[in-house]
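One structure below.
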Amino acid sequence: MAFKQNAAGEWTPATPQYALGEAFAAGIWNMGPGGSRFAPAMRPALSLEQTLSEMKAIGCTHVEFHDTEAEPADAETIMSAVRNSGLEVSMCTANLFKRGPEFANGNFGSPVAATRAESIRRTKDYIRTGIEIFDAKVYVYWNSSNGYGGPMQVNYKDLFQMTADGLNQVVAWMLEEYGSERALPIAIEPKPNEPVGWGVPADCGETLAIISLMDPKYRPFVGTNLETCHALMAGKRYAAEIGLAAAAGKVFYVHLNGGTGLKFDEDLAFGDNDFGVAVETLYTLQEIDYRNIVGIDVQPLNTDTPEQQSASIARSIRNFRRAQEVCKRIDSVELNALRSTADRAAVSEYFASVCAGVK
Amino acid sequence: MAFKQNAAGEWTPATPQYALGEAFAAGIWNMGPGGSRFAPAMRPALSLEQTLSEMKAIGCTHVEFHDTEAEPADAETIMSAVRNSGLEVSMCTANLFKRGPEFANGNFGSPVAATRAESIRRTKDYIRTGIEIFDAKVYVYWNSSNGYGGPMQVNYKDLFQMTADGLNQVVAWMLEEYGSERALPIAIEPKPNEPVGWGVPADCGETLAIISLMDPKYRPFVGTNLETCHALMAGKRYAAEIGLAAAAGKVFYVHLNGGTGLKFDEDLAFGDNDFGVAVETLYTLQEIDYRNIVGIDVQPLNTDTPEQQSASIARSIRNFRRAQEVCKRIDSVELNALRSTADRAAVSEYFASVCAGVK
Amino acid sequence: MAFKQNAAGEWTPATPQYALGEAFAAGIWNMGPGGSRFAPAMRPALSLEQTLSEMKAIGCTHVEFHDTEAEPADAETIMSAVRNSGLEVSMCTANLFKRGPEFANGNFGSPVAATRAESIRRTKDYIRTGIEIFDAKVYVYWNSSNGYGGPMQVNYKDLFQMTADGLNQVVAWMLEEYGSERALPIAIEPKPNEPVGWGVPADCGETLAIISLMDPKYRPFVGTNLETCHALMAGKRYAAEIGLAAAAGKVFYVHLNGGTGLKFDEDLAFGDNDFGVAVETLYTLQEIDYRNIVGIDVQPLNTDTPEQQSASIARSIRNFRRAQEVCKRIDSVELNALRSTADRAAVSEYFASVCAGVK
Amino acid sequence: MAFKQNAAGEWTPATPQYALGEAFAAGIWNMGPGGSRFAPAMRPALSLEQTLSEMKAIGCTHVEFHDTEAEPADAETIMSAVRNSGLEVSMCTANLFKRGPEFANGNFGSPVAATRAESIRRTKDYIRTGIEIFDAKVYVYWNSSNGYGGPMQVNYKDLFQMTADGLNQVVAWMLEEYGSERALPIAIEPKPNEPVGWGVPADCGETLAIISLMDPKYRPFVGTNLETCHALMAGKRYAAEIGLAAAAGKVFYVHLNGGTGLKFDEDLAFGDNDFGVAVETLYTLQEIDYRNIVGIDVQPLNTDTPEQQSASIARSIRNFRRAQEVCKRIDSVELNALRSTADRAAVSEYFASVCAGVK
């Protein structure tokens, strides 16, 4: 059962219930050769079995798939390998960005009708795979090429509205096909740029805005999957993005990683660069009582060797646990007392002191 | 009548109906000595009458006020001066930022209950002034100190929800006091930083997200007042912000000016720095059929002399008209054909060619 | 002859002397299938001959090569194809980034001695190819992976000094091998990030700073190749970067393209996004009397079809000519008069008016 | 004696020799009422004696002055108060930004000859005061309004060269007046924006580039005063800026504080926001063997009460000591071993572990 009705009769995700640190997922694409426009393949490719086995060994409980790595036609076979590895599938997502040139102009919000239709078709297909084969807990819609790269390229109003309309169509189909209880929570993952100059939605605010453009009866089935690095690329504080989504009841899933700011999508390990971001994230996840699986979405560093294929995932998990240790130093009563009088000087010092473990 | 019901029975602003270029407003604070942490007073202060007369002379039809420049107690007298000048009041806004240290920790979303209460009280007071004395067309809520300046300073979820709650209280009071038809449209003006490190709401997305956190029955009365420079400071394209607000039916008012990106709040003239932004803005305002007064919110440059007190406003208006001229070079049928096939190379060149007036 | 002595006996590049608009170069990598982490191959690959012929057809006079596209061993054969096409080689550069994992940690400034040595070896090799086979006009050193991706990864002082030392070694070898007159001008191309979080040197300032760390006798042989998009990614104004390099006598070459700011390396066409940047660039190139070949370094848009392989290059050249047309509207005497009294309001309006071609 | 000759006969600053943590300076402007365009005066003003006494009490050994707070004519009297307080003067600087409208267009690099002349005159005057009355250890030239705010406003080449020429004139006069040994080290403090859109020099690279444009015989007398927040506003890592200046032998002084990135000049306490920046800074200062007084340049938070006038300075000093404690957890041999093999995954985890104090 993926959705249930609350006391007010509203449908809300029937989220898995783990304590923080009990369940971690990583993307099957989070290990491997690397490579980009500016870097060659750095490491040998691994087999599905090798990757799953390594993930299990370093502490993952779940794995995530794009359809390009796990085509619907192969999903049964892949699911067997997952079961054999002792992992489960937490999330699946149709890859609308590396699929082919037909998605260069966007997906749900593309000005090209054929692109919109094909995006919806592929999304439905993979939601079906997620429900019927993977028993996934969440479906993620990542914006990828949805957006624009310069002035005047699109009608902005239409872009936002069509993106909402695409989601409407997907949810309508899903509810008809599976009913509310079996529906898979759809989590939008915003990103401000790359592959396009301006991705839509760019951040949590735009994501919630797009949800508010949807048909009210479909809104409950769509939420967010906020990623740390994407938030930093948008100039946002990640924990604040989580807080905003929480206020709207829309923290369906999270993707933790790291980044250094307004630049390319670095996908560093969680806790890299500014460990305080990891601490604040942990504290905020506690504050909102996040109980779902914790998704990690990272890449190996270019300097990682063939023996370090899983180094970024493993470091993320260890940093997550370090951040939990640091959070134990925080006395919430004391912190909230300082907050409630807006003694921001004292909060700042308290945070530095707690992070450093030095009085 | 400031709100009316549409065919579906929803309340929507009964916006003034001007052609673009017919009605311009400027802030009474848009002329004067200047001065900041890093610059002294540059020019002599002007009297209210001098300012209004100069605004009229350079082509403004309307003026905007903060309560700190036009206290409720003085509003009748000030309104006489406005009438004498031949101008009208388009917008008024309670200044919750320079009022005093009590607002250092925020306003509607402050963790300090007394600050929240005082913010609401002052807002109601000035809405009353706007309705009863100024006959204003819109009330603007600018976030100013609402937000936070570093990690852990606030509970983020509460911050967003309390900001929505403050708006709920204001609208509830306004409807009770004046009824829907006389209610003054409330336009939220987002800004990503300054005076605080992270202002809330930061941009159009967060603004619409906060509106979606409000009580559904109060949402129709709250929209946006998007400012060009604030959008650029947030790394957004201004025209896209307008497009997003338009999709939600929330372009209650606009504040045009200019800026150069992710830095301090420059408040340059509209069309300064990147004239293409002005052209795209004009085209988008045409596309969404914007008919309200066009607000200009600029500051004199530090280099502007005592004789150039109104130079930034006047330049903004002239650049607005230049952008209108450039828009006449755009064949919308041709442009939309290129857009609909996602021929972005052709759109980019079309835009450069049109902007330059060179085939 | 690539260097000559000026009246003071200093060696300065014996730059080709073209009027602006007479000579354009593009990179052989500026056409082709595209593809990145977030986009698949979009178009078919082209043969060398096809690419050269197309470049010639759209107005290029010169072509640029990485060693990975034109290995020293194949250089003679490639040079024949270039000659057949009617083009010349303007620039060549050893690709230290896609070559293999050995460059993941940097190049001249890498903490790993073997990487530094291999970088120097490959650079010498390709300078030799440039001089002996291509008759290139400039050799470009692009920082690529030189830098770091997070705190504490390197000793920063050593990083900068070793980068200068690597250049010292290359120049020392080149002078010994070819003498000053045949030496190939070495132009450093800075970039602030991607593939590493912080590239070194990041911008014109850091480039000149690194040159100032070199042995004084080798400094005259090293200058800059500033790229528009890289400058925008660093938050700099491109024309100002050119001006800084010009003050130091270091504008050895330029790479024109476009971008939208602090994000990934978009490599848009010159004049895309903000046409004013193109106009200001042209005016500044005139002001410093730039006479060398104009390098264009762009990528096809993801939406460009197989028929639009050269669209970005061709658009860049047409926008260059458009910017020249716009510059004819500028009366330098009038502009300089406004500048000399720091009437920045008037300059801003003059620029908007000139860009738009509307009084 | 402020300069001495090294073995090679080059003049280098005869820097005070303190262990890190022994000597702290703060600006006399670092306490007080606050206030800006977007915030009112928050706290009562303090007398000179109150400020000095409070600074002494919280651990400062030195104080810094602008000429606007300590006019040359009042310097003797002020110096008495400083002596009475038990402090010394570390730094003085002519305020070329709040002095009056005459500096709106820049200072050394202004296109207006009178502004350049007046900037040089005031600078000389205050260097004299620094040498003759304050016995200051360093004179700081902060760029302030030097730069430009939009396209075409200045001739960029001239701007950079004139800035270097102004420094030439100041040094020439100083050497003639006082000789090399009594000369006051001049430290340029770069800042990328505010009060102008693009400040010149913007960062360490541009600063060293401008020094390289100076007459070689005057260069030894000019170095850098790098500020943490200004570096973050420029998208740079502060420790890397220090490393670059160290490579050039130009770390004449430092200004520590904090900030959150590409936005307005926040002047937070050192260690605020990202405590890792403080740790890395300390480690780098150790690495380059910095022995001069440590300057703190911070502002009270807007939320700081009248009782918290010195909270930002005091927090900076305590965070400095916390960072020293954290640095004791770093085994340099171990760290350098990881660096030398470019095992960046291991360095990243080592740093997170050390910062958190969790294995």
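General remarks:
Lettered A, B, C and D in written order, each chain numbered from 1.
Criterion: a residue touches a chain if its C-beta (ideal position, glycine included) is under 8 Å from a C-beta of that chain, and two chains touch if they have at least 3 such contacts.
Bear in mind that the values here come from a model prediction, so they are computed numbers and not experimental data.
Averaging Cα atoms per chain gives one point for each, and the point farthest from that of chain C is the centre of B.
For the self-contact between chain B and chain C, the two sides draw on mostly identical residue numbers; the shared fraction is above half.
Mean C-alpha positions place chain A and chain B at a centre distance of 34 Å.
Here the spacing of chain B and chain C, counted between their Cα centres, is 41 Å. With centres defined as mean CA coordinates, chain D is found 37 Å away from chain B.
With touch defined as above, residues shared between interfaces to two or more other chains in chain A number as follows: 104-105, 149-151, 192, 198, 235, 262, 268, 272-273, 276-277, 279, 301, 303, 342, 344, 348, 351.
Taken as a contact graph, with one node per protein chain and an edge wherever two chains touch, the assembly is complete, since every chain touches every other chain. Partner chain B is touched in their complex by these residues of chain A: 104-106, 110-112, 115, 148-161, 164, 192, 198, 200-209, 211-213, 234-237, 239-240, 242-244, 246-248, 262, 276-277, 279-280, 283-284, 287-288, 335-336, 339-342, 344, 347-348, 350-351. Listed in rising order, the residues of chain D touching chain B in the complex are 35-40, 42-43, 97-101, 104-105, 144-145, 149-151, 192-198, 233, 260, 262-266, 268, 272-273, 301-303. Contact residues on chain B toward chain C in their complex (touch as defined above): 235, 261-262, 268-269, 271-279, 300-301, 303-304, 308, 311-312, 315, 318-319, 322-323, 325-326, 342-345, 348-349, 351-353, 355-358.
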